[in-house]
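Letters A, B and C name the chains as they come in the text, with residue numbers starting at 1 for each one.
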Amino acid sequence: MPGLRNPQLNKNGELIHLLSIERLPREIVTHILDTATNFLSVNDREVKKVPLLRGKSVFNLFFENSTRTRTTFDIAAKRLSADVFNLDIARSSTSKGETLLDTVDNLSAMAADIFVVRHSQSGAPYLIAQHVAPHVHVVNAGDGRHSHPTQGLLDAYTIRHYKQDFSRLTVAIVGDVLHSRVARSDIHALKVLGCPDVRVVGPRTLVPADFAQMGARVFHRLEDGIRDADVIIMLRLQNERMSGALLPSSQEYFKTFGLTPEKLRWARPDAIVMHPGPINRGVEIDSAVADGPQAVILSQVGFGIAVRMAVMAIVAGNEA
Amino acid sequence: MPGLRNPQLNKNGELIHLLSIERLPREIVTHILDTATNFLSVNDREVKKVPLLRGKSVFNLFFENSTRTRTTFDIAAKRLSADVFNLDIARSSTSKGETLLDTVDNLSAMAADIFVVRHSQSGAPYLIAQHVAPHVHVVNAGDGRHSHPTQGLLDAYTIRHYKQDFSRLTVAIVGDVLHSRVARSDIHALKVLGCPDVRVVGPRTLVPADFAQMGARVFHRLEDGIRDADVIIMLRLQNERMSGALLPSSQEYFKTFGLTPEKLRWARPDAIVMHPGPINRGVEIDSAVADGPQAVILSQVGFGIAVRMAVMAIVAGNEA
Amino acid sequence: MPGLRNPQLNKNGELIHLLSIERLPREIVTHILDTATNFLSVNDREVKKVPLLRGKSVFNLFFENSTRTRTTFDIAAKRLSADVFNLDIARSSTSKGETLLDTVDNLSAMAADIFVVRHSQSGAPYLIAQHVAPHVHVVNAGDGRHSHPTQGLLDAYTIRHYKQDFSRLTVAIVGDVLHSRVARSDIHALKVLGCPDVRVVGPRTLVPADFAQMGARVFHRLEDGIRDADVIIMLRLQNERMSGALLPSSQEYFKTFGLTPEKLRWARPDAIVMHPGPINRGVEIDSAVADGPQAVILSQVGFGIAVRMAVMAIVAGNEA
């Protein structure tokens, strides 16, 4: 859509909101990852704090509950010395009938600097970003099935950390791709960074053919999908899918798509195994793989803090 | 009640608790507003923090839930560099049968400096203030129908900001005055500051005649009540009133007392429209007014942070 | 168990986790109490903060809800300048089926420094301590009926404060000893510190004879149990015990074991009365005693903050 301004960037092309990895220039993605490398060392220091966001107010607006993701943003913000306010939205004014945008206006008026937004409706962070006063920056922490850009970035960071160069990689994303905002953000990140072979792998009910339009190759057999892969990203199978019309049972799913040490041999010997967590042992991944030498799942967690610090530090440093 | 000591003041007449605007001397109210002006600039700074309450412990004791008000105190306290503890009272020892005063004694013993108290029972903050150790200051964040003094002060701040001088103003408070602690605190603040014409406006069921005893003029027709007003304060209509015996319906209420651009013309052309929030669009206020040029509702929010900073800084600086 | 390494200590015999007072050397217990004395003055200062844990991340992992205990750790950690993260475990990933150890691994990977753990299962903090990365320190904030070591230490601190020397003291612990982790930790602390006469007092259903194996003398009549005692520790009677098979009724319990001013005369005239809180007035303790001159219940609360500061500062300063 030439001519249509990207709401994530200011006139100078600098990042002011992080809403989606889609349409982000490669330089910006790379800049985030490079900045995260600098912050990674902060997490290993005696005093795990830098004063970059001192006196800034970060609001966690989680319209959909997620203790884990909220906590990672909370940690990242506090390590940047920001003040963090966790709003219990379910118990707040929105439940008294206040509109989303009135809530946002009110919080803006309290001199907020960053809104970290999770919402069950795709597009809610865009709506908020278009509405807020210029001094507020919006970071999408997951909206519906649409996007989870900091997860996409931390996955990209993890892959770069272990594999350096994206230009020859085969990356397989396995599982419930259809319902996964992680998968969509991963695909966008990998495409932007020049990964030539991105594959989505799973049963037809969870991996429809139209993912090809995003530039991913679609596979319905695990053996085909992860053959010679450098990176395997296993997706969490939500409990609510297991007993529905989409899947026969979790045991059946594990038999066909669960990653075991035997099946992992189809991939390259130096393949890494990733997972956004929390993992379902014995459903999408065998414990021997999750705890094995090729799993980098806990490294992802640590990188995630650094990537979120980078995103918040970058957007807060740019003016609308 | 001459001779009866005001529990909000120490022997030197300095503010040590903020429980109600009633019986506060005008100099103290003015001192709070002047101090708030100083803090207002803090909220616009790059580093929105002053070290006035560094190392102090502020406890938010919300026996009645209010995410919005709690958040404004949380922000105000952190911008003063205090440590803030939000107690989930509903899940705490009080629900194990501990008495209110035992809970308060325990928290005092943890070396608390300020209790911010919201309670559904009128008078609860007084009870606590009379009971606490001398090192603890109590700020009333709303008790029953009785009082919400920081809201009264921020409303006074807002009016002073836009109209400067109280001595010639007509202020109309419209809506469910009967159940509103905001209305009571506004009336007290306006009377203390010398406002000659305070009006309360609404149906007979929600605006009984005895408000005249507080020094307010009582009106039951919106046209009469807001005619030539300089300031209109619209009150939120609680959902629980709408389908009860007090009101026929919210549509009917909007028709009679909802503020529309047409009705707003009855007031002075430069009248400002205020609301404590959260607003009910289409119930007590039309969106065209709420979002219109005369509305100062979002300014109130920002002033509210500064006023709460002022109150906490002042009480913490005075000794019992 | 000679030869079996104590998981609480490193090779140099320094405290790296606090899991139980059992098997702690007397020097370490004394060192904690001495350190607490230093911190006690911090709580009386104008700026109640020391920078010892600046930039450290403390996670409150309360698998069992306890607002009061969580708050005391929260206060203690913030007065040491740490960043504190309160995880709402009930709403977090563990409720999505993640295992306890996966949750712990994830939080470790976020560069945690201290886990404060409360769990309904005895032994859970041990399990976590054995599992965590070397940079993480675990503090038990109560596990099942097993142990509540910081309560034991603050009780020891309180006794030392008022009685100085343990070597001639008679201490009576009264009430539901069977279900009480506080009682177990108190007995261990008193034994380690050389108290010659520790008594447990209560009905046969709540004070079984096998407490003698822990070195305590068992009494089933209050008069015998507290006769000539220097210290009386009253335990809270949980509501769930009152109407069960263990006790006839709370009135009956109060008549037999509730501490009144008359019964208190059986103890030494200078005996102190302690209680871990929250107290049940008129169940295990009469208000005239709880509010009387011999009660030191609120002092315990203040000492508790200092003791928790000491424990966190000590473990964080030692390497695994």
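Keep this in mind: a contact is a pair of C-beta atoms (placed from the backbone, for glycine too) under 8 Å apart; a residue touches a chain by one contact, two chains touch by 3 or more.
Predicted, not measured: the structure shown is a model, and the values here were computed from it.
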Item to check | Leftover contact groups, counting everything except chain B | outcome: one piece
Checklist entry - What rotation angle superposes the Cα atoms of chain A onto chain C, in degrees to the nearest 5? => result 120
Next on the checklist: Interface check for copies chain A and chain B. Shared numbers divided by all numbers used: above half gives same, below half gives different; which is it?
Outcome noted: different
Next on the checklist: I'd like to verify one number: the distance from the centre of chain A to the centre of chain B, where each centre is the average of its C-alpha atoms, in whole angstrom.
Outcome noted: 41
Checklist outcome for this item: Two or more other chains are touched by the chain C residues none
Checklist entry - Within the complex, which stretch of chain C touches chain B? => result 43-49, 65, 67-68, 71-72, 74-75, 78-79, 239, 277-281, 298-299, 301-302, 305
Checklist outcome for this item: Per the touch rule, the chain C residues reaching chain A in their complex are 54-57, 83, 85, 87-89, 91-93, 96-99, 102-103, 105-111
